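A quick write-up on the structure given underneath.
Note that the chains take the letters A, B, C and D in the order they are written out, and that residue 1 is the start of every chain.
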Amino acid sequence: MVKKPDLSVKLGGLTLKNPVMSASGTFGYGQEFAEYVPPAMMGAVVTKGISLKPRHGNPPPRICETPAGMLNSIGLENVGLEAFVRDKLPWLKEQGAVVVANILGDQVDEYSALAEGLDHSGGVDMIEINVSCPNVAAGGLAFGTDPEATAAVVRAVRKATGLPLMCKLTPMVADIVSVARAAVAAGADVLSLINTIPAMAVDLKTRKPVLANTIGGLSGPAIKPVALRLVWQVARSVKVPVVGIGGIMTAQDALEFLLAGASAIQVGTANFINPRAAMDILAGVEKYFAENGLPDLSALVGRLETH
Amino acid sequence: MSATFMGDCSVLENRKLARDTYLLRLAASELAAGGRPGMFVMVRTGPDPEKGGSPLLKRPFGLHRIGPDGEVSLLYRVVGVGTGLLSQVRPGEKLEILGPLGHGFDTDVKAASAYLVGGGMGLAPLLALAEDLHRRGVEVTVFYGEREGAYVLAEDHLALFPGRMVVTTEDGAAGRQGLVTAPLAEALAAQAAPVLACGPKPMLAAVAGIANEFCVPCQVSLEASMACGMGACLGCVTSHAQGGYRRVCVEGPVFEAEEIKW
Amino acid sequence: MVKKPDLSVKLGGLTLKNPVMSASGTFGYGQEFAEYVPPAMMGAVVTKGISLKPRHGNPPPRICETPAGMLNSIGLENVGLEAFVRDKLPWLKEQGAVVVANILGDQVDEYSALAEGLDHSGGVDMIEINVSCPNVAAGGLAFGTDPEATAAVVRAVRKATGLPLMCKLTPMVADIVSVARAAVAAGADVLSLINTIPAMAVDLKTRKPVLANTIGGLSGPAIKPVALRLVWQVARSVKVPVVGIGGIMTAQDALEFLLAGASAIQVGTANFINPRAAMDILAGVEKYFAENGLPDLSALVGRLETH
Amino acid sequence: MSATFMGDCSVLENRKLARDTYLLRLAASELAAGGRPGMFVMVRTGPDPEKGGSPLLKRPFGLHRIGPDGEVSLLYRVVGVGTGLLSQVRPGEKLEILGPLGHGFDTDVKAASAYLVGGGMGLAPLLALAEDLHRRGVEVTVFYGEREGAYVLAEDHLALFPGRMVVTTEDGAAGRQGLVTAPLAEALAAQAAPVLACGPKPMLAAVAGIANEFCVPCQVSLEASMACGMGACLGCVTSHAQGGYRRVCVEGPVFEAEEIKW
């Protein structure tokens, strides 16, 4: 009989029973998927990004399909910190989920206030910092495009909470490694990547952008090769664990990210296509480890051999 | 909440009813059991995206008819890639479907008669709705508008609708020439009744305006681009009269007209 | 009868009879496509990137398919300046083609030497500067990731030749507009974008990267939304014409780029899928202009109305 | 240079010959006219990529048989998405094809007999080659190796090969157990003859080594990932013995063994 592989993974002091997480914004607050995915079965549930105050988000149309991908310009609509802690968190905890709260802000202070609030709330197991938001104080480029701005956010959050911190990197930069190193130096226990890639679709009939916001974030299989490259570059350059995100639709995709150096992965757009995607991926990963006699994650993570 | 079905349904028929317009009959007792007029399903229209197939996202379609005998029918028009692929599906093949989803029409209209208004494929949910209202003893009039006569559904299919059917076309090639709102306004002037409508947003706005004028309740079923169909992506929202947005896939697709910011 | 639309376009003093060009590296030196595309029918033929000396390129495997895209790590294999001028250019000129020579280098001097050589050779109508090459003197990030490094290359080439200059931008940067402005300020008459996006594929069976070079450039429909976004951002920020590249497979794609602000477009990966792609796209663009009563390109270029 | 064909060919038959392995017969007089043994075609295996279909790139397949009567046959094994889709194509459907392409075998072998070596799907081009050599009066022996017996082609199909057919399988379930190189070496020891081979690179390297040992000429047909198939992308190269690279799609797929850096 084959021994069941041990798929647990340690991320910044937190131990997950398996490396399959949901990606923020693609799994609601977990409850939307209750019929398909028992949240306690996942390595962790990463919740929709929350801000200090509720946000309405962008006007519709907010999404459209592109070749092997989709654009979204949700505009970070969310219920805000207070309602999250009051209405969303308790259900997840009752279900026995490991909860990673994704946070976002316009300025450094907003991030640290969020972290403090979540820390006090109890029930949150880790914070994921979304640095792909416009840095209002610095002209609107995302914090995550600049090592120093990224570090400033992480540093402020680090001061505000003792919770494990995961910094979610922005893909559209010339030198991801310098941003990654800055985030780690500022106190990130884990790095996750990638967030969506800014992109656009045009409607020839109306001669308008398809999205009301003109620009949206590209996700799905189309971006998988870009995500794999960035994960590989970061994983070999930092000492903290890396969580791979981007176009993961199947167990095979997940395993490719592990090979490239990811200690865990997040399932995003795939949830929309198959609400059971996270469970299917987990089952496939387990099967692969069992069939290939791999005892635990370390037998695959980062084992990519270059030519 | 009854469990949502997710799985494969057998295609019984996929028949052309008018230009670009098809009737898809499915063996789908699970959908028939939980389905109510105005609810919708998400259909995978192409090869499996998990194996590289496209399109990536499922496409939403209203329940056109619920029953008889565990059947569910969809009515759709070819407008792009997904609906194009759907039109090529043959009887005996299977389609991956998620549903029924959403918040349908409130069929407890508390009136002896009702006006149903469908613009183009907005007609789709009105058969299930008309049959439901008819069963409740509500007298139904359907106002069905198309741009061109060529798009008007085959006679034998329109004959399935209980009650009166008023067809309008902009080109005058079938039924009365003009917009569907004209006979609706006339009917409302003759006799007040609640209005239940589905179609393109500008039409719905006009219908809501008329209903408001005549002080009758009005339910509208909206369309939106959808990714998940189950409330998670926040992609499908519509502006709400009280500010902010509502999800068409969960709080809708059917809303009271006054909830919507037109 | 519908008047035939005037699709000619002026790019840096050069007038093309239509806005459809080939993308460098996807059309060989034109001759490979002679059976399918008469080079004189194209707005211009952009030739495979050339270096001062011949280059062997990277070991195979050099390409693989990805969702709605492909990776390549050709490694800029090319015949070198001398053979280009001697063996490739004459055929293109005989055919009556407008020739844009794409050049690449490891250092600023190589670019200027190439420009000088091409200028002396005669027969080249425009130079396209590929700045997506590793800047060896500065640690290996591409010249095009940095406004100053980009400007240095353009400035040097500008000094070396009177030929019209098109600078081909690198997509993977946080702020494309600042690179674009730097290139224009340094003397670029035209900007083209995008080059491929660095990416990677993993072979789970061998546990190796699919490409021998590990990293390759992502092209094809997958990157179209990213390209459209970058073209739109650049076109509204500079005064020089912009040439759109990235995932253009059909006339509709080409028209979307024109709407977003491109004055012309380049057809890349599509040539591999349909060797007549450039001609099909041109025919489709002509048809659209005729059917919609658009007299010339200016009736569509940049006419995207935001919401 | 004769013009390359680009267009649709009708499928006459798409029949399974062994595990995962299919024979595809096409009505393709243009391909038959220009095709020589060892040349290949690029086949679109899925829905049109210009309409969002995948896979994006065409897939290369050797000419398995050229003729009779304007027919061309391909022999392929399902290894991924493209070949998987190809296996579902039905007679009467059309396939978009570009070809014939590449530099084939030099069939003017200047010898009375020749040894053909095929590993797995490396057998594909050897039927056209054997038939051509046979017509030239060259006595042909085909050495055909597979990993497992289940992959060995149906008897009736192997019977089409003129000359002697020696089958080897690694699992011993069909033909002689072992690698295809063993009987080849024995035959060469008994009688020298030129070798023409197609198959996975490690097998070709071994064959080239044996041919070199026996001082006989050796032609090898290589595989490579291809994007364009026509010399433009430089994606398909193989290392050349004299340094640098050569394009498998133009200078190959058939090379003299000594041209290759193994």
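Here, a contact is a pair of C-beta atoms (placed from the backbone, for glycine too) under 8 Å apart; a residue touches a chain by one contact, two chains touch by 3 or more.
Keep in mind that what you see is a predicted model, and the values were worked out from it rather than measured.
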(request) Can you check how far apart chain B and chain D are, centre to centre, with Cα atoms defining each centre and the answer in Å? (result) 54
(message) Based only on mean CA positions, could you tell me how far chain A sits from chain D in angstrom?
(response) 46
(request) Indicate the whole-number Å distance between the mean C-alpha point of chain A and the mean C-alpha point of chain C. (result) 34
(request) Name the residues of chain A that each touch 2 or more other chains. (result) 59, 67-69, 220-221
(message) Among all residues of chain B, which ones touch two or more of the remaining chains?
(response) 52, 54-55
(message) Chain contact topology under the given definition, line, ring, star, complete or other?
(response) ring
(message) On the basis of the stated criterion, which chains touch which? Give every pair.
(response) A-B, A-C, B-D, C-D
(message) Under the definition above, what is the set of chain B residues touching chain A in their complex?
(response) 3-4, 6, 49-50, 52, 54-58, 98, 224-228, 230-239, 243-245
(request) Spell out the part of chain C that touches chain D in their complex, as residue ranges. (result) 25-28, 32-33, 35-36, 48, 56-57, 59-65, 67-70, 72, 74, 77, 220-221, 249-250, 269-276
(message) For a test of understanding, state which residues of chain B touch chain D in their complex under the given definition.
(response) 51-55, 81
(message) Give the list of chain C residues in touch with chain A in this complex.
(response) 59, 66-69, 71, 141-142, 145-146, 170, 172-175, 197-202, 204, 207-209, 212-215, 218, 220-226, 228-229, 232, 247, 252, 255-256, 259-260, 303-307
